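Below: a set of structures, written as structure tokens.
Each of the next two complexes has chain A plus one more chain, namely chain B in the first and chain C in the second.
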Partner chain A sequence: MSTPRPTRPWTPSLIQRLTDFLVVIVSMILAVAVVEVTPLKGKLAYLFAFFLIYIAISTVYRGMRTGSAAAKNNVVQALVAFAALVAITPIFSILFTVVSKGIKGISFGIFTRDMSLATPTDPLTSGGLLHAITGTLTLVLCALIMSVPIGILTALYLTEIRGRFTRPIRFLVQAMSGVPSIVAGLFILSAVLYPITKQYSGFMGSLALTILMIPTIARTSEEVLKLIPNDLREAGVALGGTQWRTVAMIVIPAARSGLVTAMILGIARIAGETAPLLLLTGGGDRVNPNPFSGPMGSLPYYIWKSFNAGSPEAITRAWAGLLVLLVVVFILFISARLLVNRKKA
Partner chain B sequence: MSASIPQPRLITTQPRKSDRVFRGIVTAGGFSSLLILGLIAIFLGFRGFEVIRTEGFRFITSSDWSISTDDAGNVLESHFGLAAMLVGTILCALTAVVIAVPISIGTSLFLNFYAPNFLKRILTTLIDLMAAFPSILFGIWGFLVLMPSAEYWAKLIHKYFGFIPLFEIKPYVVTRSPFVAGVVLAIMIIPIITSISREIYSQAPLDRIQAAYALGATKWAMIRAVVLPHGRNGVVGGAMLGLGRAMGETVAVFTVLNIVFQINWHILLGAGGNVASLIILKFGDASPYEIRALMAAGLVLFVLTLIVNALADFIVRHTSKSGR
Partner chain C sequence: MTLETRGIHAWFGSNHVLSDINLAFADGSVTALIGPSGCGKSTFIRTINRMHEFIPGAAMAGEVLLDGKDVYAPGVDVTKIRLQIGMVFQKPNPFPSMTIGENVLSGLKLSQLKVENKDELLEDCLQRAGLWNEVKDRLDAHGGSLSGGQQQRLCIARALAVKPQVLLMDEPCSALDPGSTLRIEETIRHLSQTMTIIIVTHNMQQAARVSDYTAFFLADGGPGQMIEYAPTTEIFAQPKDQRTENYVTGRFG
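So, the complex of A and B:
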């Protein structure tokens, strides 16, 4: 005696899969035929012809088999899948272009030299982006030192104090995240650079980046702190801890990895920020370890300058810079993901 | 026997000194965002005040941008008007939103309800990654890779829909038009709008979804009856956030747009404007007085994005309160 196998009426059968596949093939052939016969031409024409014919055939087929509701569903399914395809295409195009064009400009030498003895239009064997990398690291570090305390204090205000002003502050943080980067740059220019320091320096750039970074850190930290169970806070208070001890010894350590994620997301937000750096840092061509005096280079500035120089060598430099920047963003993104996932597990 | 009776301990709800200090510091930190936003408005207003006062209302209604100085650097004559730039900013941003919203809604519906699980995870990661791409990357990619295709699309639109006044091209210049900038901006804001609408659609009440299925609804019928009404306001809010982002974008627009000081409502014509790009364009060789005008322009942009963001926030919050 054998037990009967459970049936799964909702999974498509072999014949259904074959017919679905057949519909795709038939509409591909028809699409090619349509493009050949009519005056339409180009890649776009193939795509659209295929898409329209596929929708038509599969809808008629579904409609005949299961009625008009299923046919409508089929149209929508094809439409949303097409939308997802359109949304995802630029990502692949960007990644492909940056990697294929940037790789030509990458060599060991560019990580050991700066541009103090070269111009962007020189051959790729001279000059490099050492100054840009050290500059971006300095800028990000300074911005991090300033924005992390403010961002986390804001998040603590929103989650721990919960005063009368929680809602307005939350709104203001939201509004601050919408401040255009160029406005942040202009603000530092008008409030600090012109009246006080009167010279371009890396620190001015960091100040503008801080403004852009605070809302990202504050909002992510708030989400993380909200997830800390209230039992922990109550346990801390029940043991006789003051609020200060409870937050410092229990809540913050419990949220540690989440707060690191917030920092990483903040760095990813500002690592490629260009507009304020164009206004504030002066974009030096040599390695400058001092953020408080002298112009400071950075990856976005280097890319911008090379791109505007316009010669083939300079464009290759720009792509190489973009590749380095993209790798930095990618590493930050992956590490933030891993931290989040580890916390969930 | 002189055992002193211990004084009863004072029981109080007053927080201790350490707590008061702690609460003070945290509250001060919390108010930093108010402080920064206020300072931005004050300083840009303070620097730009002189220009706004001399130009008056013309600062946002006229569209000349010219300054002449004598050899000593004294300003002889100046006209600063933002009208063309404001129109261009709004035109580019609206084009971007009109392109991005249907694609984002489709993508988020696909991710939430149609995609198989493995595909959903991959696509979500990719779209989140794209949201972290720096804007200069979109700018240079848009200029070198997308622009030729986008101009070809512009020609196609003009060929088939040229009778609509919006798509007129006179004179026939299609390079670096607001349409191209709008396409680049659309690609930048698709990840933002997608992730917001995906979040909102995923909060659609499960009991109603299952009730719809139990009544024999197909996926689309369920989405139309439950998910779309639930998410309507939230998606509008997300689109507004995307609009705010698109209006403030600088570098990506500057690389692909041809900036012309003339009001132009024809999106396919290669002449546009953008406040943020204007600032980058003119900053390099601006005289101190012109920089004041740029500060005033920055103030206008700041106020504009603040209004759009406030509206977006209001709409999104209004949704979460009304639990449909």
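So, the complex of A and C:
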């Protein structure tokens, strides 16, 4: 007995695919024609006309071939696909704009020099954004050191202790994630900077970033800890462990990769924050390794300052700064993915 | 070592799930708890090692006397109780972040006990759980890499490492294939020489195979009650209560 050849009768045949492709082509031609003869103008008009015509033609075609239910399904399918397209268009548009404008300002030199001896209007061969990169990394590191313990301990309170205040704390943490960043900045300005330290510093900026970061870390960690099966907690306690030792030895190690993800989402939340840094860091032009004293630059501050300077060189600097910031955030996201995947493997 | 329960009741919120359980467990015996789902068998064994209080809204009444002392008496260190009364759960639950060896010894770390020779204890526990020959060459592998039956025997080895005098088993074989079930039953028979074992099971053949005594629980609309307690041979051959006879002969449940 011979084995039959494996087939996939549910996939569209070559002729069907060609027809579908033909529908797209015809819709495109018709869309161009419609825009030419009617007063519609612009790129959006082409897209819009194409979309309407494509839905009409493909629906009629489907309806004729398979019936009215398939035709209705086709309308919804096209709407969903169009919505998805609209949603991702700005992302690609942003990426394209930033890369094409920023790449002109990228050279090896800008990663080795700061702006202490250059003004934003100087040619691109002088000055750089080393101080902004080190500043952003310092700010993020300080904020991380403060917010990770607080955020994770808050999550542990919500998932492990589940005390009387669980509901109000969960509510407040959720509300805190909606706090505008400028409010966090003004709070540190009026509560810490003016009455106590009386000088701009990186640490003041980190305090404001910490306020913004804690809700992200706490909420993500809470979700991660909730996924740890209760069996493991019971097994730990049944072996004679106290709750604290069970959490420290079993629950947290089991949730480790998720907690790292929470941390990195927290970083992504604050890496581009600008408003509190404008208020609190003083935005120096020199590499400043000390977060507790003296103004400290950062990538968002550098971008803001360069755009404000207005000259063509300064604008190019600003776009280059944006590109570097995006790459930094992107690297953090990739490392988060890698950490999570390595755990699964 | 003696273990006795007196007038155990249990509630979840206002729901009375278990009523007046009085049982004395003979040293070195295996007692099977049988009965339909929802009759309070699992709740009962969880009151013995104080795991019942882990569930929000839980309440209880009565005494659990371990060597004559109530485990619910004020001032009792609950972690010490759970070291003396070990537990194996329905679903195998090895700790995912630990290797096989670390899993077996995890109880020592959790309860901060010191032992002189860890390797000896590790081998001894795995031997007694009937797992040593299968894992002796890969003690550094993760517990999750074992089959379901092996994972459950790993959990038994883990429970043995802190040297409990009583072992509670909550349907330990319900998630396992017949082969693994047989291995675990052999392990139970073997362990009963040195400790008291209480096993909840839905499998009546299993109760007949492994236990010396059997208690039949039933919730007849109200809270779960113990209908009959006797040597296993008697429960299955000549039950005194009509309801027990109906259950063990498979007429209901």
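Some notes on this structure:
By definition in this document, the second predicted complex is superposed on the first by the 327 of 345 C-alpha atoms of A that agree within 3 Å, B and C clash if a C-alpha of one lies under 4 Å from a C-alpha of the other, contacts with A are read in each partner's own complex, and residues count from 1 in each chain.
By definition in this document, a residue touches a chain if its C-beta (ideal position, glycine included) is under 8 Å from a C-beta of that chain, and two chains touch if they have at least 3 such contacts.
Please read all numbers here as calculations on a predicted model, not as lab measurements.
In the superposed pair of complexes, A:Ser190 makes contact with chain B only, with no contact to chain C. Within the superposed three-chain model, A:Leu277 lies out of touch with both chain B and chain C [touch as defined at top].
By the document's definition of touching, of the two partners only chain B reaches A:Phe82; chain C does not.
In the superposition on chain A, A:Leu225 makes contact with neither chain B nor chain C.
When both complexes are overlaid on chain A, the residue A:Thr242 reaches chain B and chain C alike.
Note on chain A: of its two partners chain C and chain B, the one contacting more of its residues is B.
In the superposition on chain A, A:Phe165 contacts chain B only, with no contact to chain C.
Of the two partner chains, chain B is the only one touched by A:Ser181; chain C is not. Of the residues of chain A, those at positions 242, 245 touch chain B in one of the two structures and chain C in the other. Residues of chain A that touch chain B in their complex: 42, 44, 69-70, 72-73, 76-77, 79-84, 86-88, 90-91, 93-94, 97-98, 149-150, 152-154, 156-158, 160-161, 163, 165, 168-169, 171-184, 186-187, 189-191, 194, 211, 214-215, 218, 242-245, 247, 268-269, 271-275, 278-279, 300, 303-304, 307, 315, 318-319, 322, 325-326, 329-330, 332-333, 337.
Listing the residues of chain A that touch chain C in their complex gives 162, 229, 231-242, 245-246, 249-250, 253-254, 256.
Per the touch definition, chain B reaches chain A in the complex via residues 15-16, 18-19, 21-23, 25-34, 36-37, 39-40, 43-44, 46-47, 102-107, 109-111, 114-115, 123, 125-130, 132-138, 140-141, 144-146, 152-153, 187, 190, 194, 218-221, 223, 241, 244-245, 247-251, 255, 276, 279-280, 283, 294-295, 298, 301-302, 305-306, 308-310, 313.
Chain C contributes residues 49, 51, 54, 56, 79-80, 82-83, 86-87, 89, 91, 93, 95-98, 106-107, 109-113, 155, 158-159, 162 to its touches with chain A in the complex.
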